[in-house]
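Take this structure, written in C-alpha cells, and hold onto it; I'll ask about it next.
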Amino acid sequence: MIMAIAAVIHLLVALLLAPLLLGVINRTKAVFAGRRGQPLLQLYADLAKLLRKGAVYSGTTTWVFRAGPLVTLAAVTVSLLVVPFAGVRAVGAFPGDFVLFAYLLAVARFFTVIAALDTGSSFEGMGASREVAFSALAEPALLVGLAALARRAGGASLSDCYEAVRLFDFGPNGGLPLLLIGAAFFVVFLAENARIPFDDPNTHLELTMIHEVMVLDHGGPDLAFVQYAAALKLWVLGALVVGILLPLRTGFVALDFGFGLAAMAVLAVATGCVESTKARVRLTGVPQLLVAATVLAGVGFGLTLR
Amino acid sequence: MIVALVLLPLTAGALAFFLRSDGLRRGLLVATALAHSGLTVAAWLRRPLAELGGWLELDDLELLILAVTSLLFLVAAVYAVGYLRREGRDQREDYTEGFLFVNAPEATFTGCLLLFLGAMTLVIGAQHFGLMWVAVEGTTLASAPLIHFHRHHRSLEAAWKYLVICSVGIAIALLGNFFLVVATSALDDQLGGLTVRALAEHAGQLDPTWLRAAFLLLLVGYGTKMGLAPLHTWLPDAHSEAPSVVSALLSGALLNCAFLAILRLHGVCVAAGQAAFSANLLVGFGLVSMGFAAVFIVGQRDYKRMLAYSSVEHMGIAALGVGLGGAAGFGALLHVVNHSLTKGMLFLIAGNVLAAYRTRSSAEVTGLLRALPASGLLWLAGFLAVTGSPPFGPFLSEFTILRGGLAAQRPVIAVVYLVLLLLVFVGMAMIVPGMAHGETNVARRREPWLAVVPPACLGIGVLILGVYVPRPLADAITRALGALGLS
Amino acid sequence: MILLIASLALLLGGGAAALAASRRDRLRNGIVLGSLVGASLASLPVAIVTIARGESLALQWPWSVPLGSFALGLDPLSAFFLLPILVLAPLAGIYGVGYLRAWQGRKNLGASWFFFNVLVACMMLVVVARNAVLFLVAWEAMALASYALVVFEDERGDVRGAGRTYLVATHLGTGALFVLFVLLGQPAGSLDFADLGAGAGSLSLLFALAVIGFGTKAGFMPLHVWLPEAHPASPSHVSALMSGVMIKTGIYGLLRILMVLGAPPPAWGWTMVAIGATSGVLGVLFALAQHDVKRLLAYHSVENIGIIALGLGVGLLGRSYDQPAMAYLGFAGALLHVANHALFKGLLFLGAGAVAHATHTREIDHLGGLLKRMPWTGTTFLAGSAAISGLPPFNGFVSEFLIFLGALTGAVTLGGAGAAVGAVTTGALGLIGGLAAACFAKAFGIMFLGEPRSRHAADATEVGRSLRVPLVVLAAACLAIGLGAPFVVAGLDSVVVAAAGLPPHDPAGRALAGPPLRMVALGSAVLLALVGALVLARRGLLARRTITTALTWDCGYAAPDRRMQYTAAGFAQPLTSLFRFALRTRREGEPVRGLFPARASLATSTPDPMHREIYEPVFAAVGRLFAKRRWVQGGQTQLYVLYIVLTLLVLLVWELS
Amino acid sequence: MNDWIDAAIALVVLGNLSLLGTSRLVACIRILALQGLLLGLLPLFFHADDLTLRVVLQVTASTISKGIVFPWLLTRAVRGADERREVAPVVGYTPSLLIGGALLGLALWLGGRLPLPGDAESEFLVAVALNTTMVGLFLIIARRMAITQVLGYLAMENGITTFGLVFAEREPLLVEMGIFLDAFMAVFVMGLMVYNINREFRHLDTERLSNLTD
C-alpha cells in the first residue's frame, strides 16, 4: 500500500520537478562559466508565459504539425508510468514494460520528427534527419542494457530490474556489468535528451543542432508542451541512469525517496559538468559513440552469462 | 490390324505422290491421320493379335507410343493443311539471308509425311530387331526430304547432316543387331527369330559379353536417332531448318520411336541379368544429354534451336528415368507422353511465330502476346510446361523421376538432375518470357484457327495430364514396365 | 470444408467468368468483386470457428496422379493463415477495380482479374493442401499467377526484368521444395502430409531445404532479391496481396515442415535468429536508401519477414531448451506479426498505389504536401507507417512486443549461451525498430508533408471511393488489433499451441502473455486518452488567443523555395553513409565547384548489392562459361560423326577391358 | 581353305590402308569395289562345308551390288562433279595412314576381346570386319568432300555386311533384304543429296555445309 502511494507520489513529483532538472543543469553550467545564470525556476516561468500566448502556424503545415507536441507529451507522460524510482515500483509495472517504455519514447520522437518535416523547412528537415539516425542507434544500446538488467534480476519489468540493483554489489552479476550498463545508459541519456556532446541545447547555429532545430516553428502552448515533454524525458531517462549508478537503498521508503531526488540532482549537476567541460563531438563521431554504448551494453550482457 | 496400321499410311503416301489436286491430297492427309487414329483407338479398346509370326505385335508399351504418335500426327496433319495453304509454291524470300527459293512440290511433302508415319508405325509395331532396324532406317529416309522442304542451302545442309549422322548411327545399330545374333549362338534353333519376346524368354542363355557389346552398339546407334548427347548433333540443325510441322513430328514422335527400340533391348538386358550395366549407361547418357542441353539452352539465340536442345534434354530425362528404374521408370514413360504433346505444341507455335515475325532470333521477337495473343499465351504455357512447372504434365513426370532417383538411393544423380532442370529453366526463362511480353512492330492479326486450334488441343492435353493422369494411361505404363521387367 | 471448397470453386469460376466478360467492364468488375467477397464471406466463419474451437477438419478425395491425393485439411494453423488472405483479398479487389480503371480498354483486364482470382484461390489451396503434390501444384500455380500479375505492364522493360527475376527465383526455390518433399515422403512411401516423416537422412538437411525453399518465397536475406524487383513492378493491389499475404505462405510452409520434423536442435533456432536479424536489419537499411516508394515498401517486407523469423527463432530455441513460455511467446509474436504485416503492408502498398495513381510517380523526391491534397490516403498512410514502425497503439507493436518478451524470457530463464538470444534479439529488434521509424518518417514526411516538390504532386487530388474504403478499413483494423491485443492473442491460442508444438491447452505461455498484453493495451488506451485530453486542453488555451498563419520560419533567409526542402535521399543520408559498407550506394553527379558554383547535381541509387554483386556475376559467369562451350556444335559433319565414333569406341573399350 | 581366307583378309586390310592413302576419287571407288568383291566372296570360303543356296544367293547379290552397281553409280556421280581429287582432307594422308595402323591394332584387340562362341578360326575376321567399319567411319570424319564421305559410308557398310554374312547367317532372309535395301537406299538417297549439293553449291566440299552452328 505504501509502495503504491509512493509510486503515485513519484508520478506527481516527476511531473512537478522535471523542469527543475533543467534549471539545475543550467545553473551548474553558469557556475562553471562564472556567470550568475538564470533562476532555477526559469523554465516554469517560460512555460507559464507560453501557455498564455496565442499561436502562429506556417501555411505549409497540416494537423500533423499541431499533433506533434501533443503526442510527444502524451507518450512521454505515459512512459513515466512504468519507470521505477528510488526502489519504488512503478504504477504500471509489468513484464516487458521497458519495451513499451522504449517504444513510447519512439512514438514521441516519431511525431516530433514528422511535425518538423511538416513545416517544409530544410533546417527542420536536417534536424529530423539527424534525430532519427542517432536515436535508431541509441535504441539497441538501451534495450540490450535493459535485457542484461532483466537477466541478472530474473524478471522482465523495469521495476524488477531496478529492484535488483544494489550499491556496492560486487557479486558476479554486479559491479562491472552494472558499471558498463550504467555508462551505456548515461550515453543514451545524453544523446536522447540532446545534451552535449551530442547536441547543444543552447546554440541556435543550425548546422550543429538536432533537437532544438526541429521545434523552431512551434510557438505558444505548443512550444510549452514541447519543452515540458523534453523536461519529462530528461527525468525518465535520468531515473534509469540514477537507478543503476546511485542506487542508495535504506529500506525506508521516505528516506530512499529523498536519496533518489538527491541523486537526480547529482545527475543534473554531472550533466552540467559534462556540458561545461566537453566540446560537442563532430556529427560523424556521434554514431561511433552510440555504437560504443551498444557494445558496452552487449559486453554487460555477456558478463551476466557466466 | 497391325498390318493395316502400317500399310494404311504407306499406301496413302504412295497415292499422295500421284494425286494432282492439292485439296484432295490435303484431304487424304487428314483422312489418313484420322483413320490411323481410329485404328489406334480400336487397338486400345481391343488388343490386336500378333501378326507375321510374332514379328508385329502391339503390347502396352507399343500402344502407348502408338497413341502419342498417332495423336500428334493427327494434330500435325490438321495444322499442315493450314501450313500448306500459307506456303504456296511461288518464289519466296528467305528470312535471314534474303535470297529467293522455292519449296519442294507439295506432293513430295505430303507423300513423305505419310510414309514417315508408316515407317514410325512399323518401328512401333515391329517386335523383331531386324524389322525394327529396317523401319528406323525407313523413318530416316522418309523424313530427310521433309527437312529439305524449303529448297535452299541451309535446309539442304540440315538434311545432309541428318542423313549422314543418322546413317552412321543406323549402320552402327546394324552391327549391333549382328552382335545380338552372335549373342544368341548358344541357342541354335530354339530361338525362332530375333524377336523381343523370344530374346527375353531365352535371356539366360545369351552370351553376356556379346549382349553387352550389342547393347552398346544399339544404344549408340539408336541413341543417335533419339538425340542422346553427344550423338544428338543433327537435332538442332534439322529442327531449326525443317518446317515446324516436321519439327513437331521429329521431336514428338520420331525420337520416341528410337527410344522405344532402346527400351526393348534394355528389357532384354534386364531379363538377362545385365540390368545394372544397361541401366547405368542409360543414366549416364541421360545426364550427359541434360548437361549438353543446358549448356546450349542458356544463352541460345534461336528459339527453334532452343526447342531442339530441349528435346535433347527431355530424351535425356526419359533415358535417365528408365535407367533409374522403379518410380523413375514410371515417370520416364509418362514423361515421354508429356514431352511429345508439349514439344509438338511448342514447335507448331514456333511455326506461327516464324510466319508472323519472319525471324528465328529470339531477341528480335517481342510482344507475342500483343501480336498473336493466342499463340503468345500457348508459347508461354508451353515454356512453363516444358520446364516442368506445375500444373502441367511434365512436372508430374519429372517430379516422379526425382522421387525415383532419391528412392533408388542415388542422391547425387538426383541432385545433378534437379540442378540441370533448374539450369534449363533459367536458360529458357531468359528467352521465352522476353519474346512473349513487350511491344512489337508486328501488327496484331487474326490468327487462322488451323494454326491455333491444333497446338491448343495439345496444350489442353498437357494441362490435363498435369492435374489428372487417366487410369488407363497409368495402368498401361505400369504393365509396360512390368513387361520390360523394370517395375 | 464444403464451404471452403465452394469458395475455391467460386473464385476459379469467377476468374473464368471475368475472362469471358473481359470487355464488359461493369459486368466483369461485378463478377470479380462478387466472387472475392463471396468467397471471403463463406470461408471466414469457417476459419474463425476452426481457430476458436481449436479443432481440425479433413477431407480426402482420390486423385489420379502419382502419389497425389486431393487431401485438404483445416487446422488452426491453416485457418490462421487463411485469415489474412480472406481479409486482404476482397479489399485489394475493391481497390483494384478502381485502380485498374485507368487501363480500361487498353489492356485485357479480364485476364488480369482471372489471374488475381487464381492467385487468391491458389494461396488458399496452399494453406489447406495436405498432400505434397497438391501443395506443389498449388504453390507453383500461385507463383505463376502472381508472375502473370507482375508483368501486367509488360511494355516497360524494368517490369519484364522484374518478372524474369521473380520467375527464376521462385522456381529455384521450388526446386529445393521438390527435394524436401520427396525426402519427407520416402519413409512412408506416401506424399500425404499425414504420412510425411524424416527418414534416415539428416534432419538438418531437411530443415535447410525448407529454409531455402520457403525462404525464397518469404524473402529471407539473401534469397530476397526478387522482392524489391517484383513488388514495385506490379499494380499496387497485387503488390499488396503479394507482399501482405503471398510471401507469408513461405512462413506457413516452414511452420508446417517444422511440425513434421519434430523437436528442433538449438542450431535451427539460432539459424532463424541469424536469418531474422540479417533480413531485418539489412532489409530496413536497404529500404532507407530507396527513393521509389514501392521498392522501399518491398524492402520493408524483407525486414518484417526478418522480424517474423526472429520470432520463429526465439520460439524454436524455446522448444529446444524446453522453455514452453519462451516457445509460446516467440511463435505467438511471429504468427501475430504475420497477420499484422498483412494488414499494415497491405495498407501501405494500397496507399502508395493511391499516391502513384494520383501523381503518376513513385519517386518520393518528386512528391510532398500530399496530406493536404489527399487527406484520407495521407492519414491512413500515417497509421500504416506507425504500425509498421512498431509504435503503440498500433498492431505492429503488439507482435514485436511478444517477440521481445519471448527473447527476454529466454534471457532470464536460460543458462549460458542460450540466453544470448535475449541480447541478440532485443538488440536487433531495437535497431530494426529505430531504423524503421526513421525510414517511415522519411517516407511519410517527404511524400505527404511540406510543400509539393513537383507539378505531379501539386496537381494531385484525393482518389476515388473504391480506393479509399480499403485504406480506411485496414487502418482501422491495425488500430483495433493494437488496442484489442489481449483478446486477439487469447483467441489465437490454439494456433500458437499447434505451431509451437506445445501440448494443447498448455497454460504457461498464455499466463505469461496475457497480463502484459493487457497492460500494453491499457497503456495504448491511456496514450490515446491523454492525447485527446491534451487536444482539448490546447483548444481551451487557444480559445481566446489570436492564431495567425505565416510562412515557415526560414532562419532569416529571404527567398525560400520548395526545392530547398529536405529530400528523401538527404534525410536518410546520415544512416546510409554510416552503413555504406553494406549498401554500396552509387553516387553520380557534378560536385559543387568554385566560389560561385553555377550548377551542381547529385543522384544516388542503391540497387540491391546482393543482386548486383552475387547473383548477377554468378549468372553471367555461368553464361560465359557455357558460351565458351559452343564450339562443340561447330557445324562440321565430320566433327559430329567423330563424337559418335569416339563415344562408341570409348564405351567399347571401357566395356571390354 | 584357311589360306584363302587369310589371303582375302590380308587383301582387305591392304585395301583399307590404301583407301586411307589415296586422294583420287576414282581409285578409291575401285578399291572399294575390289573390297566389296572380296568381302562378298568370303562367306563362300567360310561356309564351304555347308554351302546352301541361300548363302550362294546372298553372296551373289552382295558381290553384284557392291562390286559392280554401287561403284558404277558412284563413278557417274564423280564424273558429274568438277573435282576428281580430295585436295585438302581434314586429316592429311600420312597421319591417316598412321591412324589406320592404330585402328587396325584396336580392331585386333577388340576382336580378341570378343571371342566368338565355338568358332576359333574366325577371330581375325571379327577384327577385319571391325577394322573396315572403323576405316569407313574414319573416312567420313577425315575427308572433306561429300562424295568421299559416301565412300567412307560404303566402306563401313562393307565391314558390317561382312560381319553379318559370316556370323549372322542364321537370321532369315528378311533382314538381309533390309540390309541390301538400306544400303541401296543409302547410296541412292545420298547420291541424290550429293547431286543436290553439287547443284546448290557447285562444289562437293562439305566445308560449305557447316553454316548451321550455335
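Just so it is clear, A, B, C and D label the chains in written order, and each chain counts residues from 1 on its own.
Methods note: contacts are C-beta pairs under 8 Å (C-beta built on N, C-alpha and C of every residue); 3 or more make two chains touch, one makes a residue touch a chain.
On a predicted model such as this, the values are computed, not experimentally measured, just so you know.
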Next on the checklist: Using the contact definition given at the top, which chains are in touch with both chain A and chain B?
Outcome noted: C
Checklist entry - Which chain maximises the distance between its CA centroid and that of chain B? => result A
Next on the checklist: Can you work out the whole-Å distance between the CA centroids of chain B and chain C?
Outcome noted: 44
Item to check | Distance between the centres, which are taken as Cα means, of chain D and chain A, whole angstrom | outcome: 99
Checklist entry - Cα centroid separation between chain B and chain D, in whole Å? => result 31
Checklist entry - Between chain C and chain D, what's the gap in Å when you average each chain's C-alpha atoms? => result 70
Next on the checklist: Give the residues of chain B touching no fewer than two other chains, as numbers and ranges.
Outcome noted: 160-161, 164, 168, 209, 213, 236, 296
Checklist entry - Can you list the chain C residues in contact with two or more other chains? => result 630, 633, 637, 639, 641, 652, 656
Checklist outcome for this item: So chain D residues touching two or more other chains come to 113-114, 137, 140, 149, 206, 209-212, 214
Checklist outcome for this item: Pairwise, the chains that touch are A-C, B-C, B-D, C-D
Item to check | Of chain A, residues touching chain C in the complex | outcome: 51-62, 64, 66-67, 70-71, 73-75, 77-78, 81-82, 92, 94-97, 99-100, 102-104, 106-107, 109-110, 113-114, 117-123, 125-126, 128-130, 132-140, 142-144, 146-148, 150-151, 153-156, 206, 216-217, 220-222, 225, 283, 287, 294, 298, 301-302, 304-305
Checklist entry - chain D touches which residues of chain B in the complex? => result 130-131, 133-134, 137, 141, 144, 148, 152-154, 156-161, 163-164, 167-168, 170-171, 174-175, 177-178, 181-182, 185-186, 189, 193-194, 207, 209-210, 213, 236-237, 240-241, 296, 300, 305
Item to check | Contacting residues of chain D [partner chain B, same complex] | outcome: 113-118, 133, 137, 140, 146, 149, 153, 156-157, 160, 163-164, 167-168, 170-172, 174-175, 178-179, 181-182, 185-186, 189-190, 193, 196-197, 200-201, 206, 208-212, 214
Checklist outcome for this item: The chain C residues in contact with chain A across the complex are 368-369, 371-372, 382, 386, 389-392, 397, 400-401, 404-405, 407-409, 411-412, 416-417, 419-420, 422-423, 426-431, 433-435, 437-438, 440-442, 444-446, 449-451, 512, 515-516, 519-520, 522-523, 526-527, 530-531, 534-535, 538, 541-542, 545-555, 560, 562, 564-566, 570-575, 578
Next on the checklist: Which residues of chain D touch chain C once you look at their complex with the stated criterion?
Outcome noted: 90, 106, 110, 113-114, 134, 137-138, 140-144, 149, 206, 209-214
